[in-house]
Amino acid sequence: LRARQIAVVGGGAGDPELAELAEDVGRRIAAGGAVVVCGGRGGVMEAAARGARESGGDVIGVLPTESPDDANPHVSHAVATGTGQARNLAVVASADAVIAIGGEWGTLAEIAFARRLERPVVALESWTVSGRGEMRNAPGIEVAASPAEAAERALALAAAATQSPSAR
Amino acid sequence: LRARQIAVVGGGAGDPELAELAEDVGRRIAAGGAVVVCGGRGGVMEAAARGARESGGDVIGVLPTESPDDANPHVSHAVATGTGQARNLAVVASADAVIAIGGEWGTLAEIAFARRLERPVVALESWTVSGRGEMRNAPGIEVAASPAEAAERALALAAAATQSPSAR
Amino acid sequence: LRARQIAVVGGGAGDPELAELAEDVGRRIAAGGAVVVCGGRGGVMEAAARGARESGGDVIGVLPTESPDDANPHVSHAVATGTGQARNLAVVASADAVIAIGGEWGTLAEIAFARRLERPVVALESWTVSGRGEMRNAPGIEVAASPAEAAERALALAAAATQSPSAR
Amino acid sequence: LRARQIAVVGGGAGDPELAELAEDVGRRIAAGGAVVVCGGRGGVMEAAARGARESGGDVIGVLPTESPDDANPHVSHAVATGTGQARNLAVVASADAVIAIGGEWGTLAEIAFARRLERPVVALESWTVSGRGEMRNAPGIEVAASPAEAAERALALAAAATQSPSAR
């Protein structure tokens, strides 16, 4: 049986505050027995991967490029999609739950695709969105106040999702 | 020389209020000499396509499926990407400016990808987003109050973008 | 109603012999009333596009990159997929019939995807393939001896395909 | 450090002869210390995955769909690309070497993409291709006579590729 898979999505720029949050999140997801899925590059992606490996967990890096060698050194299983930013869809589609950290445009695309695919999203220092009509309150996005809360909620949401997969 | 290309993005569900806005927008874009790019299916996409054809304009439909026959009947040039929701990236990447109508999750993904690629976005009855840090005010997204304003702004932004393409 | 769409696939390198064939093919497809679909770049793609425009036809360029400005100057309708070599799938999926010219690896991928999607293929100075079992004779690939024969066969095959679309 | 990754590509139909070859190949690749990358579905993909797991190895399944639950039960790490047949590009791009088994059209697309990306290919009961010009002898495709030979060659080619990654 596969382990649960939780995506940690966020920008590739080197914001030290966000990297610290991401590393903590990665550590806690791996400690909770789940595999971290990420975009495989730097910044939030690399920090989450580093944290997961420190806890002995696996990290799937889903790259935009055509070579697994482009993965950061903490990725244990590299998928080179060759499809550029369309890999953002693959990152969240591969996850049972998604944690979004920080506020790049690519991160917003991942939040949107995650909800399009009915994956639960936990936001940590990330985008606030409000829609119109039924989307007014952006259902399915929870805001977490800390890495501990983000990881705990994502692990619980992933467990719930994989116990009733027909719901998605 | 190619004509300017303006994407009209929005959901496939049949919201009559949004369809009316989209048809008006499509008509005005074609009247302004630009090609409408859309996702090729129903709802906002079909309404924008219908409006453009009423004004004698061309409509590029960029489909998620593997067959051009899946395009709505107002699409004049159909591209079947075969890549599912990843076609949302193709729709906005193909545009000099983007008009977002309504509030489905796929529409939010298209707004996010448009800004990721530095395409100007005009929002009409659509998402409100706010980020953190530099993204706090979600730069590059204008809110329009009417189809006329949306089309006028998008045509102007597309003209500016294609006159200084190095800016993107 | 959309016009029939015929893909002309081939490499981007500047082989003058192949370019001459491709330009002739493009001219004849447009003269036959069909839109040329191509990969939007140089070499065979640009030559086919040039030929089609000389005959007054439209050319859809389906690009691997994130910008319509990357299209060759003969493309009238540009789609920037942003998905790299995965655009090869989009080129053939968008076509009612496919003409393959020359022998790059990307061209072989397009022939294979075309047959995977049950599009008829006409090969002109291109790959020879033979499989095992049912694929031994590579059904659905015709060899043409000239641009005239290639265009004539593709126009006929596209007409047959669009008259009984359920067959694909 | 990541383990080497070897793709086993082949059709999803249940040909028992090919499944036996694929299971043997998967077993040997895992025994050789490499991760099997496959398309994650049935047929050759499932058999190769089963073999690898029997030897205690990991299996990355790169799916065309939007859900990791679509993976066969032997996949240990599932990536749901959401991009349909474009995932064929991702399967071979993620590999240091590729083994092709059997002769579906999708398999030919994977062989072609593998060579487009300069990955070495070993063919076992698979396509024979010949091109024109420089491609006449389809460089980079070796034919193996047995699963043992296919696995041995692929492991050696992957080792050579990862020792001089600049060559690709």
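Just a few scattered comments:
Should a chain be cited, it is by its letter among A, B, C and D, assigned in written order, with residues numbered from 1 in that chain.
Going forward, a contact is a pair of C-beta atoms (placed from the backbone, for glycine too) under 8 Å apart; a residue touches a chain by one contact, two chains touch by 3 or more.
Model, not experiment: these values are computed from the prediction.
Using mean Cα coordinates as chain centres, the one most removed from chain D is B.
Where the sister copies chain C and chain D meet, the same residue numbers recur on both sides for over half of the interface positions. Per-chain CA centroids place chain A at a distance of 39 Å from chain C.
Measuring from the averaged C-alpha position of chain A to that of chain D gives a distance of 27 Å.
Counting only residues that touch two or more partner chains, chain D has 66, 82-86, 89, 117.
Of all residues in chain A, only 66, 82-86 touch chain C in the complex they form.
Against chain B, the residues of chain A that register as touching in their complex are 15, 83-86, 89, 102-106, 108-109, 111-113, 115-117, 125-133, 135.
Within the complex formed with chain C, the chain B residues making contact are 1-2, 5, 35, 37, 58, 60, 62, 66-69, 71, 73, 75-83, 86-87, 89-90, 93-96, 117, 165, 168.
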